[in-house]
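A short worksheet on the structure shown next.
Chain naming follows the written order as A, B, C and D, and within any one chain the residues start at number 1.
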């Protein structure tokens, strides 16, 4: 059987989560490997969450927020961008494949973009195979 | 007998499967037909072709050869329908069923047997050059890709030579492809024979990779668009008019001879303009020529009128009154220009033909940019 | 007289003057350890204490580490080498100390030595600057023309590895960890009390030294130091099992400088990079 | 130990078609702490709600999970449901198995597996949920309406009528909007001014409306119930308190500017009122075109003003207005058709756009209601009206502008009435889905308007046909007969797309709104909350949301007034309790929270060396928590523990 990756999504309530809902209301079809945690703002994301997600066995982590300048809280995603950029560097330098972590700005009206990003990311992660580098082995 | 018809959805599906599925987006507004240069002079109706395809109705075969793939309708279509893809796919569905019109049979036959559409002998491909110009080899910078038309069509051979002369004078490192070069396949692709197109494409890609060509100059906009959009490999392709404009700007070649107030108008080839987005480079070249005055026609640039030679049209004989090139000559004449410049071998062939049949040889001459430029170098 | 001796002399002289005049209530510097080659951090509170102050090439400790420990508004004189001064600047940016409470005794110096190995400390493990970036009194002559190479040269090897090899490298290094927390004790920027690692809610990682917990601890700590680490190298020198923590810190420092156009602890007017954003920030950084 | 109830909604077949709902409930029952799990056809219906409430009582549940549509849809509904059954409303977790599961795949196994993972995540999270107590804040009873077109006027009048104080902010010197430019309205053909000007006057007369013309919103602070809005009063150079509207100044003024109201067809004075019925009836000076401002000399207006109202020293001023709710009714812009070179607008004088023609019809317009060519005297003998110019067009605006079919019919009727010309309509599809609209269409067919089904491809003045010389030639395919048609006409009227205001994006940012992919303001829900936005307390009405005709704009204005009223009618309102607090024992005093918070909610307590959060200011975004190195900040309802537990549950499957 094909490897079906488990992907953790973290989406901000106002843009990306709503955009994902829009993908649903417009009945777009895309792979269902992403399980999403809703947070109020992408700036809520503690970089340790990402590390934790990989430890919990996520094969990929997809973070979604509002476009810079359109944050519901004004500047939240501008801070988030710096935090997540550093997170990406940490993962990469620790030896995680960079393609397992992706940040995308998806607005509430970009249902199509959401579906496209999920599809592309799922394929990327699928190609990398299961993530074992951080995953906590339960013996 | 009933005159009722029933949708023939299998046909519609076959056309969609052949790559024309874009017709599904069409909402039949008629912008395409209203825009189509053929509409005022023939009964070709592109919207109707789309409608018939949507439901698989009879009548497709009567319409499908009318399009010269000028892309004007595609640019204007409010639904973003890739109309040329539809034309290509209906042709490939029907041509696959043996419905190729006779003039195109000769064209396809020559391409199949000799790799060029002009029934020319392959070994004679470079005869025009009379061994005066270098062949391309590893280490050279530019591959000057001669279109079959400039190699074999006597009128266009002059263009091949003018281009080669300018290249020689520019001091660039360049060369011609060997006689194993074949047609880029643009027209036969639009005629619907995709297998033949693939064959030609693979032959030519083989030449690129064998000789290590990374920068390709085309003289035909049809080769240009095809290499850029259909071959999709890792090399740079430019049209000679772009190179020429750059050479002038950088001072590598300088036109000096005064043409003495020559009025020139310029016809935008569809494949250079709408298909490739190049409108300024040819005009820059013309304005650099001393003593040349550029007078524009009404329908230019994005709205340029087709000569009728694309999509296989070059090989199809049309009755008087049904020739776009005739209309174009009339438009050129109305500007008062004595030279109609252009930058495509197909356009040259079509327009030259019209000048002759309209007995206008003493009023206007059709010239390629390269020819005009070369004239201004000598002296 | 050697440069080091001159610095020691000046240190005692200035310390004495500052304490006598009541300008400060404590002078943070170095004192004798169990031998010449093992000096210790030392806080001189009285004029008598001043005689115990020393300075030599083994005085590596970053004394900025102790500044946040003092009650607010305590007047402190602190002896700082180049990297240490950057730590002071960073602490000022983060409002953990106030500039007006400090008398900074700058020490221009190169060729310090590792107490454990006796080897000269160079650009491999530190920022490799010679002169303090901020000081009130300079205890030695400013050093000119010192070129010791980029502090990031040392990263080339790891950066050149593929991901799997890098993972293997860090896995092997982190496995040595005994979770003694010497790294965070030595770090001038690790002033959180309690540390996230000590929290019971949420429990970020195992309290016992397991490899999974090490990964969470170190990576999170690297994150907390991103844009703040001033590359003194003290964490790695403090580490009893010799994990090259400096490599990760340096890598993030380098990336942060690239992304945010700001190096840690260089100017007191800067805002800490990770709790800030800039107009020139672009999505390029997420690529 | 928690006692969790899981309730799986079929949503008719919306969920049940792809997610095996009974298997899902079955699965939920196997999860630790889940006491009861049920599936039901419509969980949001009354019986569905009762089912949840009965189970809460019967099984003594302390956490509820509803697997249904998006939380953005029904979280509030189900919060009420459990609250009415005695549970704290925050002990609810919604699992989105519709928008993000059953609707986005066709594979039953895939959908069911994902749903299981999502439920598992919710169970993990639910265990850690904490009851939270809502906060109540005082509500400012006033409302601001931004935009003085028909939608904004309607909203302001309705609100004023309920006794609420309304600030009506309009950027131009008068209210009235686009409707003031029209002559007649479809399909009834009643005169636009006759129905609009009484409303404009009512605004002026209302003691509850404070009219702020020539003003713009500069800055928005605060939140629902307590907005703090900074207004820029642009300098008018006329003191409106002193001015007695004698308008002597406008008569003497030598300066000339382009008349916005007349779509640039004529000039107006540099000191002007936009049109005779403008409200307020007091002039402003257009600085760009004022002779004094340009040359330093003139001041004629000042000389003739007996009230001494002219003040060349006037500067822009600012004021702060506090309101409880805001209605945005900022309208639309007409698309610029110049870039569509095939239609020749701006080049061929016979080509007009729709608003220009509106002005030609209008008796107060530049031609006193005569339809003439740009020479000011020749009556067109034939007119072609071109539909869908820039609308329904991927190259420009993909949407249908909704009003053009009907106003084009209105044009045809008025042209028939006012000229002797032939009128052609070039359309793709006739859209007449309103009350009386189809009948209007039928009427025009009978009035002998020539309908050609085809979108115009080109307008040109070049022709070989001597009969057509001097005419504009419209080229089009009549798609009904498949013939290419050329129509010689004197006048061409383009019906251009209605598009979002040029600065709609800036306005959206000011008020924290989303815009749709075209740039129109986005509603909270297209069907159930069409006038609400994602920002609580900010409502939208009229064409700023999407192209609309007058009846729809008026309805929305009234609707938005009612929406705003639901907020300002209350003295106090409930706020989300999901805010951040500081665990001061863990605070390391780094002050990162203070640095990052966009609302200034965290303050540093220097005495205790810890941060403290002012809950009244906190909006619960969680930025501070993610910036806290010591994990000392607890974003309630989204705590580190809760988020990580949910992650763990999600990743288990």
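Note that in this section a contact is a pair of C-beta atoms (placed from the backbone, for glycine too) under 8 Å apart; a residue touches a chain by one contact, two chains touch by 3 or more.
Keep in mind that this is a model prediction, so the values were computed, not measured.
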item: Chain-chain pair with the highest tally of contacting C-beta pairs; value: A-D
item: Maximum centroid distance from chain D, chain identifier (CA atoms); value: C
item: Centre-to-centre distance between chain D and chain C (centres being mean Cα positions), rounded to whole Å; value: 54
item: Centre-of-Cα separation between chain C and chain A, whole angstrom; value: 35
item: Inter-centroid spacing, chain D versus chain A (mean Cα positions, whole Å); value: 30
item: Distance between the centres, which are taken as Cα means, of chain C and chain B, whole angstrom; value: 69
item: Chain A residues counted as touching two or more neighbouring chains; value: 47, 52, 75, 79, 83
item: Sequence positions of chain B contacting 2 or more other chains; value: none
item: Touching two or more other chains - residues of chain D; value: 596, 627, 640, 644
item: Contacting chain pairs - touch in the sense defined above; value: A-C, A-D, B-D, C-D
item: Touching residues on chain A, where the partner in the complex is chain C; value: 47-48, 51-52, 55, 68, 75, 78-79, 81-90, 92-98, 103, 105, 133-134, 136
item: Chain A to chain D touching residues, read off their complex; value: 6, 8, 13-15, 17-18, 20-25, 27-30, 32, 35-41, 43-47, 49, 52-53, 56-58, 69-70, 72-76, 79-80, 83, 107-110, 115
item: Residue numbers on chain D that touch chain C, as the complex places them; value: 586, 588-592, 595-596, 606, 609, 627, 629-631, 639-641, 644
item: Of chain D, residues touching chain A in the complex; value: 70-73, 96, 98-101, 103-107, 110-111, 113-114, 117-118, 121, 508-509, 512, 514-517, 522, 534-535, 578, 596, 598-599, 619-623, 625-627, 635, 638, 640, 643-644, 646-648, 650-651, 653
item: Sites on chain D touched by chain B in the complex; value: 341-342, 388, 392-396, 428-429, 453-458, 460, 462, 475-479, 482, 484, 486
